[in-house]
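Look for chain A in each of the two complexes below; its partner is chain B in the first and chain C in the second.
Let's turn to the complex of A and B:
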């Protein structure tokens, strides 16, 4: 594996992640000092995307309808600065770094800094491909006003009306250290090292302006967001997300995901954006594993092997909620998850789910700390999430095996134009 | 994605993970009750391995010289039973389950259980390929004698002499809840969901006999164990494991990894096995990221971009420890990690490292809880690990950025013959 073509070690050229790009020299010199300088979008973004890369710029942010990647690192931040200018500089620096990393380039674009400076990029993704990295940014209610109702950055009059701390649902057992946050970043990639590298570098750039509040790694997607993807399984062993909203359903995506200008006149900056609901849902793995398959399937409403509704057919057959078995009871039980979550029982609303399985070790009794990190994108949480979760938390038989331990809601601004920055319209 | 060939949901045939194997009907009916019945190796193992599968049976356990997979779930267990027979039954049940899962088959081999029983397999890996899963088992010192010196299972006279709690090294900050254990399982796979599935199912099988003590997920391998693999990077951003012992170095592997019959006459059962050193090493990510590249490279002893020793050449050039720079100082600093860890400064000993990067969220100050989960396989920890770690913990300049927070040592029995079970010779 010796590489005779490698330059001698003290030749500091060519730190680009993908040498094949021949990228030396392009990109702005964004260093540790440069981060605070609001570089905007680096020139890194002027070359076409590398193979395996999702475009960073566009009408909507990437990482929403993009076919879901397999790994997640999600981070929520508390903003620590009181300066609007510093907050805007942070968003500009994050934008530049995200644009570079989405293309498989190091933060700073690969231009070397003085040898006696810390490197612009932390380095652990050097040599790795872009891995379809997407970085999706959101704004929490606390960014607009603090706990005392104080307008923190002169933007509270533009706060979206639906952006509030989610209500307490029955059986919630929320941990403050896993909930809330002024800013969020959802990093998704095929390679977890690429996702972790991105969150680490964005945290580093935020130093002095925002501090990591909580973060969550996810190792397996639990929903498909494209008809090109097979339905994955959650840690209950069942296929999850069979009926999820898919990117290919254009008009439904417009109806249920993207905020429209008329939705909220005070928050027109959010047009083409969305809302992100995050819920850390612990699963009672050990009790579930001692439950009969018949009961598991009854609680879910689908068979485990193929994901078909218990009313018959195969995975993508629509469930029939009126069909009854020989015992006279509905084949889809009244308290089954699929019945209660189905659009036909929720005023026809749908959502785009984009969650991940997680395992965070075990507790002192040897029980796995594991479950589903639920992420959903909705046009209106008041219509699409809160009523459904209220109903599920009261009536879903599955709740016996679930505990919600983290919760957050974020407004997700629209995509970034070239030369712009995340959330630009909010601060215009 | 509708599958017209799928059987109706209530037809309980065909739960095999890979339908293409056409596996229905083979394998023994190992159910929740069967686990305690000591089924030994299921018949599942009589068919040839599937594509993407590593062989489970052999002279040595898989997961040591097997080219390192990208993802890890490592688990340590406390044995809770006092019955030798139950311990042996656990090892037999684990063996059967590991043989099946290594082939991409569900626990129990896919034979359906009564619909009113819990499923034999928890299901989240159904449909996923074997993903090169390896399951490597080890025995901790506490399996042989308890804290009072009591012989727990009539095997203390066969305890390997080197199998002791590792000594306290300077600067260790070990957490008991991340250290020790009577049994360990290292699950490695290309897909984290496959590794997590394996540990979960083995934990489930252990219910009543052993309880999970601690566990660790790793997302990126930090060493190559084969010349066919590129050198990966750790979270300091540097290539790690350039000089690692590789599977292809047959005589060195025999000399430094596998225990020989003459090594320990009281523990001949360990022949063809090894010792596993596990160390959870937290990295001080934020201070490191504020350190000049020049200082980072000096502390490591290699350049960051290419991994070449600072004495010159490219990645696989042997370092020259005597070469001095124009300032008269050695180019490889006296306290550099590569110098202090090099075989030439450690009586010529080497080890086979097989560690992983980890990130476990963040602390209340927003600092990442991240680092390297160090795993090394050695023939003799007294010669190959303890002296080196003593020296590193005293003199390695990198220690300023490292804190060891977990520690364990396990004796890794030899591979399993067909029809046998893990550790069989110890209990013969």
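Let's turn to the complex of A and C:
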């Protein structure tokens, strides 16, 4: 076998990247050959997952309710093969590599290769801990049928009914090269090098079967997905995602995130999975920074210092939309972001947000190319995302400072059982 | 060419290790399981192996140099002469793996601290029930295939060089005579012979920059000569360019021809090894990925697709020569590379014009370039494993 991504012979060969380095470094000059030598010491030892590792296998994919990590590398791929067998092989190879990398192991498990062979793993994460890496895979509408409506891999009859290109929302300025994709991988980790390493290696494994279409780096989480985490701030300087769904809200997560078997009889393979909405939202950073604090807070609906709703209380106090000020107007303005996005104005629906701040340098006018890479997991985008975004795009006062430049929707299959592969039920 | 491209080292052919197969395999259960690691500690006066016996199959000799001198490790066959596998140039303090598929039999491992002498030898037994007779026959066949591949590749390089010389004579004559239409039509068609053997041509570090440097690659104060200097004169920019005089034309043309003749005189002396051929194939695809698919190579004539095709031709010839060896050692890889060569060729064929021509690079849309690039990546990834698969 020549596939560098193929699973290691024994999953318990575990030799963490850190231990690998430690060995090679022991009494030896650590050069390239030192690493190679270190790999040769891989022995079958029962190493438990290193500290700071999230389990890859499970009922649901990791990287959704897992407490949000600090860094993101998100990638969307076009499938280039026309062979169903090659597509399945890609998913199997990705699964094996993802399981290894999630444990902090190199791709290929550290199995020694001939000196004349390129290494199976690209190497930049050697010596780094797992960094809570999660790899979450999704399937775009184009995986099921092509632009002409043809069934690409004999799976179109299983296409989830909600999985289609998101509609055009008012003020959208979408770039095709930042939108869509047949497959996606969300790589989250506390170390950006670990996240980038994961996408780089998965892209390499995909050559010949799928090609990178677009990818996005995110450097700071903008959501908390666990009550144990403090609410972070977005690039507007405000706490974002205070009312986000949290992993600890078990019944709400079941209700709003995980697809149930009865949701879509044609797509039962998706049960215990979810839908991932990705939106690249550019912020008009410089105009925003020249905006009075009073206006900034009015547009958001919260105070900047603590994140409390303008109707009063502290960060986690529920906003009161009926409380009025001396002028008789609601303290939470009618076009404020929090009001329009709040469940009480969206038929009670919620979503699990998992977005990241991004800055991709600057444009030719010296403006920061920055904003929010919005990621949300929902059980049904038709109920939980599209109506809300339609309202926001039409009425949200913040839209003056926002421009959506990328968009994609993916169906996220359930978790992988040991010995299985991601999306297995779809191809069964 | 790009000045940073590593030249293909053209050493005199080494005695080719025959028996050992490259089998890094991560899943294979060949030989009854995964690989076994045998640690080898080489010091200035000792060579210690962690065991003197192992079951047949994939073995990893993990060689650690704990001495003060550069060392080597060899695994010889029972006769102590034939090399089954080797690692060389292991510096003090460093480690390196030798990965081998070893059939049952008796062997002689040896460390060579200081890289000289017959080495510090011991005995090593590989146990198992594989038929050594059959293995020996396969090894014999492989050795002959390797020799054939090396010889055939050498012939191919000489043939391309001869065609390059003949074409360059015609091209230079037309250009000097001011027959620019003819020179333009000969330009790309002659260069394909260079591009097919580009890693070999580039291995002559004195000739390559004189013959194939692009304007963008020039260092401060460096004189620009060769193919691309003439290319610019034949496809001049519309503004700010002064055409070369008759005398200047003759200077550049004569020098290109003289350099080509020097190249042609050196080529017959070259001997090739399978790892050079395999690495050469990879380098050719790297050339495509970094220069041709981006349209950087032929900045004035935009004949990049000719070069593209020629690089692919050269890589395919190298691969096909090694195919008999590869189909012994890694038939899965062989089929994958063959399929992806075919897919890339189908894509390239869409842009053919006439019998041997191609559309201008500037006629390609972004999505067409993207599709070509994807096909190059798809081929390059398995092709990068060719050398290890055949060379061990």
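Note that in this section the second predicted complex is superposed on the first by the 384 of 428 C-alpha atoms of A that agree within 3 Å, B and C clash if a C-alpha of one lies under 4 Å from a C-alpha of the other, contacts with A are read in each partner's own complex, and residues count from 1 in each chain.
The rule is simple: contacts are C-beta pairs under 8 Å (C-beta built on N, C-alpha and C of every residue); 3 or more make two chains touch, one makes a residue touch a chain.
Keep in mind that this is a model prediction, so the values were computed, not measured.
Looking at the shared chain after the overlay, A:118 reaches both chain B and chain C.
When the two structures are aligned on the shared chain, A:179 is found in touch with neither chain B nor chain C. Chain A has more of its residues touched by B than by the other of chain B and chain C.
By the document's definition of touching, of the two partners only chain B reaches A:314; chain C does not. In the overlay built on the shared chain, the residue A:204 is in contact with chain B and with chain C.
Looking at the shared chain after the overlay, A:364 reaches chain B, while chain C stays out of its contact range. Of the two partner chains placed by the overlay, only chain C lies in contact with A:108; chain B stays clear of it.
Comparing the two interfaces of chain A, the one with chain B and the one with chain C have residues 1-4, 6-10, 113, 115-118, 204, 207, 211 in common. Remark: chain B residues 1-4, 6-10, 12, 14-15, 32, 71, 73, 77-78, 113, 115-119, 121-127, 177, 191-193, 196, 200, 203-204, 207, 211-217, 219-220, 227, 230-231, 233-238, 285-286, 289-294, 296-297, 302-306, 308-310, 312-317, 357, 359-362, 364-368, 370 touch chain A in the complex. Chain C meets chain A in the complex at residues 22, 24-29, 33-35, 37, 39, 60, 62-64, 87, 90-99, 275, 330, 332-333, 336, 340, 370, 374, 377-382, 384-385, 387-389, 391-392. Here chain A touches chain C in the complex through residues 1-4, 6-10, 24, 27-29, 31, 33-34, 36-43, 80, 108-109, 111-118, 120, 204, 207-209, 211, going by the rule given at the top.
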